[in-house]
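Input: a single structure, listed below in structure tokens.
Lettered A, B, C and D in written order, each chain numbered from 1.
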Amino acid sequence: MTHAPADFASDNTAPVAPEIMEAILAANAGQALPYGADDVSAELSAKFSELFETKVLVFPVATGTAANVLSLSMLTPPCGAIYCHENAHIEEDECGAPEFYTGAKLVTLPGDHGRLSAANLSEKLEGLTLGFEHHVQPAAVSLSQATENGTSYRPDDVAAIAEVARRFDLGLHMDGARFANSVAYLRCAPAAITWRAGVDVLSFGATKNGGMAAEAAVFFRPELAETFKYRRKRGGHLFSKMRYVSAQLAAYVADGLWLRYAGRANAMAQRLSEGLSAISGIEIVHPVEANEVFPRVPESVIVGLSDLGFGFHRWGGRASPVLRLVTAFNTTGNEVDGFVAAAERLAAEAAE
Amino acid sequence: MTHAPADFASDNTAPVAPEIMEAILAANAGQALPYGADDVSAELSAKFSELFETKVLVFPVATGTAANVLSLSMLTPPCGAIYCHENAHIEEDECGAPEFYTGAKLVTLPGDHGRLSAANLSEKLEGLTLGFEHHVQPAAVSLSQATENGTSYRPDDVAAIAEVARRFDLGLHMDGARFANSVAYLRCAPAAITWRAGVDVLSFGATKNGGMAAEAAVFFRPELAETFKYRRKRGGHLFSKMRYVSAQLAAYVADGLWLRYAGRANAMAQRLSEGLSAISGIEIVHPVEANEVFPRVPESVIVGLSDLGFGFHRWGGRASPVLRLVTAFNTTGNEVDGFVAAAERLAAEAAE
Amino acid sequence: MTHAPADFASDNTAPVAPEIMEAILAANAGQALPYGADDVSAELSAKFSELFETKVLVFPVATGTAANVLSLSMLTPPCGAIYCHENAHIEEDECGAPEFYTGAKLVTLPGDHGRLSAANLSEKLEGLTLGFEHHVQPAAVSLSQATENGTSYRPDDVAAIAEVARRFDLGLHMDGARFANSVAYLRCAPAAITWRAGVDVLSFGATKNGGMAAEAAVFFRPELAETFKYRRKRGGHLFSKMRYVSAQLAAYVADGLWLRYAGRANAMAQRLSEGLSAISGIEIVHPVEANEVFPRVPESVIVGLSDLGFGFHRWGGRASPVLRLVTAFNTTGNEVDGFVAAAERLAAEAAE
Amino acid sequence: MTHAPADFASDNTAPVAPEIMEAILAANAGQALPYGADDVSAELSAKFSELFETKVLVFPVATGTAANVLSLSMLTPPCGAIYCHENAHIEEDECGAPEFYTGAKLVTLPGDHGRLSAANLSEKLEGLTLGFEHHVQPAAVSLSQATENGTSYRPDDVAAIAEVARRFDLGLHMDGARFANSVAYLRCAPAAITWRAGVDVLSFGATKNGGMAAEAAVFFRPELAETFKYRRKRGGHLFSKMRYVSAQLAAYVADGLWLRYAGRANAMAQRLSEGLSAISGIEIVHPVEANEVFPRVPESVIVGLSDLGFGFHRWGGRASPVLRLVTAFNTTGNEVDGFVAAAERLAAEAAE
């Protein structure tokens, strides 16, 4: 029996997880008040407050970009600067949405393996002449957890960045499109890597890890969310039948589903990483701390894998020798093993 | 056996129709390319081209506001004026989203029963000094079909407005949040009330008529859509798992489902209107040409209906004697009859 | 000896007053720190604080639109509503600048003779469902002093509007493009018609009354101006050689020059009004409370005056029988008398 | 006889040149039509067409930021990318104005001595996946002439960049805040370094070189300027008494005044550069190709010069050892010599 070659192009090619689809079906009973006044939506903030062990305000939206840019818009005036990694999703992959919603300017910093460092941030901020009206003014920092390179900030990393942010009176945002994967990897409490470390607002993603289209802006400092609901509507992101978005989020965080699924995806990434790193000529370029693997691969192997029908992206340009391989909640060991075996065979052929 | 009092507050309190939920479930099979590269999404433009009897470009989004404001942003430069009815949804109920996405200014016109008139529009435009840089410049007209008062423009009405629009080089947008209801009422071809009458782009709604969260921006002049996909992403409205939005739209227009459902809702509105208009002291203030009924009702009857648990909104202010009653694809004759009977009883008590 | 026919088209066709040009020349001595760090600019806030009998913050800009829209941007979030008269300059004559700078929506109200009424405003605000996220939220009120119809709010009028504004937590802006004319007409202290009556920020105009290009945003509540300087730069309105703008403003308010000039213009408007109102067939349609006169004039007289070379605008549309006649600081009695005599002659001919 | 120590902080600390002030005074005669309908303004496009040996459209504004951002707004849709040097004025010193006016994103490139290179630009653009909606789309390139490092692009440099721009369908903007200094240095025709080399629109600066507040957006492809006048008004940059801005520009380009003044400033920069480079321990870090000199100076000398009262900025951070020295049209040889002598003395003391 043969299988289609596995797809590691992204975790958004996966379907909706069965528990989440069941929640959607369960929500589909009779009439319900619109715009978040339904019962499921009404309980979300309480559920998330429990999950995060503090009182939070939660706003469901349906895309990660919406969660990011609406959250950021609460942290900066139009003349502000938002500091982020030079390869952050908000900088590279949101087609200007952050600037559109905030009016602010993204200012990028380098950092190994996709991570900002507190030292770089501090040096950048200390070099500024604050209050000089020719320059955008520091307003916020945005971290990605997991990062674009599949690495995870430790609580101490976040706390060090938060300390710099507080010193300069900056808000701290976390883009958690793959937050579950980091929490599963770190085996820490969600609180430990967010508000306890100094995060003000989190884009909490569910779509990539089994959801259909569900993300949440989670405010750990509710006073920052004062005009959020108006901005969400003004952005066109207020859903009339919000119960279906909220049902996804409620099911996602119930009984640890989100962490079980993230743990599976992470385990598959580890298996993939181990398999590939054992192949001569292939090198893993970033630590595997979530559900992404970045191997440097000989060109003939890349071409061979592509010809075999495996799905993946080159990372860092159209001719880059580094691949990005993403596992998802439904990735199987067989899929991983099939990919590794194919890479091994192709690498051996290349070495002949 | 007793039933809960019916809810006529909005058609967005209804659940997802079974055929559409089945389509969502059917889309949930294995991996699929993201961002609209899946098979279901790929066929949408073809399906809609067939439906509208001309080549169209279709862009799925998930809210009516997103469909409206992204569509309008293709029709106007930032210094433009968009003409609309003074009670249009884009003017009153989108929290500034049109201005946010377009940079343009909404200029409102009065009109009976929620309808713009070609004569008013023409008079307004003829009174302008075009090219005078102190004023926003006419760029687009936006019609709602059905209107906010539950009335429907006839093809000739639209054509007359389009003629004025063309004379002044304006784009013509139709907000079709309840487009199905108008088409079902008019019993005309979708083409007849849109591009054949001069409409350039349509916000085609499915959410209110059985969808979960699915709307489509339908461009009858594809050249107008050139930068639409970038603006959609920049607005945060590009769905990674777009197959689930597209599946709703595909099921909605398959085999006339959308018109069958709209026809049912319309029939219930007619039944409601007939029942209420027979009650002494109640008067229907707008023609019922879709799925909304606007009766003027004595205060004691309003209070009584509310006390009984019926759902509805006053229309035109918090103390208005006019109600808006909206029927949906799943409204039943019993629900309508129960409401009418209650109103009759309360009106009789009031008359004693 | 003959003279060119007078120009009453606008007070912005006048040249720079000699005292102000002298101040510009005086500023032109040697090097000076840029961007407002020069001596003249540095003293402006103190001079205006004296003038207004309270501590104010003053920001020079060069156009009235810049002063208005930057000021308003400090009073509203992007989802706000700014209430203004339906014929306000910000609504009709700034090509969308207020929306561009604020992200907010202008909501217009009618009012006799260009004036908003506290009663209308209160009724409008009381009819709203506050906090309903589908609607822009009340944020500010903008009054024009003098109004677009050449009338002036009394201190009590402003105070009544301010009372409503305070009740709904709205900021109060005054567009004072012709503030001098109103103050000269009312013979009140500048404080009496601004902060003592409840105004938060004033666009204080000098250009129309003898300046070259000089306006000031005057904040009576300095805490509202926190990000003004960044927004001014971001709008491109920070002048490197600001000394020349500041010199105009300093000369303008020194020794009452601004009120002497405004008083002259007002006197000419009164003379014009009296002369015209004595002519059979001509009627003055708005009280003359500043430097503008709005007569309704027979068509043949309008055409005749235009043919003679007099400068003026029709008001309210290209075919309107109402003219707007504006006097300036340099308008002479002979100019006024010549216009009145011509109108009289033409009216007599028309009556034959 | 002693003099105040010279100020080399910026060319915007200089006063208005006498010829330009005379032109302002000459414009101050009687009434004139507003908003650019006056005679002086009306002739500007013709004068500039002659100067540039091709038909151009000219729009006067009063700040360089306004000229830059309004010009750029004509070259990009809101989802566009504008490529510029990483230290460009539009990137670093306009407080987000370019993003505000264009909605686009600035994408920066490195480059020696402040200059973009065609090779870098080409490599960047060739690495992109065009049409990928997650990314802003290439729309324009902006060059500064002279650059922020006081260097000047040769016609061939500009032509090479323009060739890349044309290949990717990008507009080409030149920020000419110090355009005069570059033209004077290059001794080329203004046409040679602009449209003949492929520039589409130029921000032509006069303020820094003897003007009061006058810049011009010069369109070499008039069809690109279609909505400029509305955007100018919407930005608050339309001057009612525009004659005074236009008069500056007309005088500036009459009889080669702009090049004579620029030549003087350049000569003083050369003299300064030669004097400083002869001092042991001081090194000139960028070629001197306009009116700016960037010497690396020992800390004790910097402190000493500052203590003596000389005006200058450190460049590249608050603790940078590199100074920026700017000469102006009115800088004298004595001022230069005094600075050099002081530096020499301080350097000698430091070496002891």
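Everything below uses one rule, namely that contacts are C-beta pairs under 8 Å (C-beta built on N, C-alpha and C of every residue); 3 or more make two chains touch, one makes a residue touch a chain.
Model, not experiment: these values are computed from the prediction.
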Contacts common to chain A and chain B (chain labels): C, D
B-D, A-D or C-D - pair sharing over half of the A-B contact pairs: C-D
Interchain centroid distance [CA atoms averaged], chain A/chain C, Å: 51
Whole-Å gap separating chain B and chain C, where each centre is the average of the chain's CA atoms: 42
Cα-centroid distance, chain C relative to chain D, in whole angstrom: 35
Multi-partner residues of chain A (at least 2 other chains): 35, 78-79, 94-96, 100, 103, 133-134, 136, 230, 233-234, 238
Residues of chain C touching chain B in the complex: 78-79, 92-96, 99-100, 103-105, 127, 129, 133-136, 317-318
Contact set on chain A toward chain B in their complex: 7, 10, 12-16, 21, 24-25, 28-35, 61-66, 68-70, 94-97, 100-101, 207-208, 212-213, 230, 233-241, 244-245, 311
Touch list for chain D against partner chain B, complex: 35, 77-79, 103, 133-134, 136-137, 227, 229-234, 238
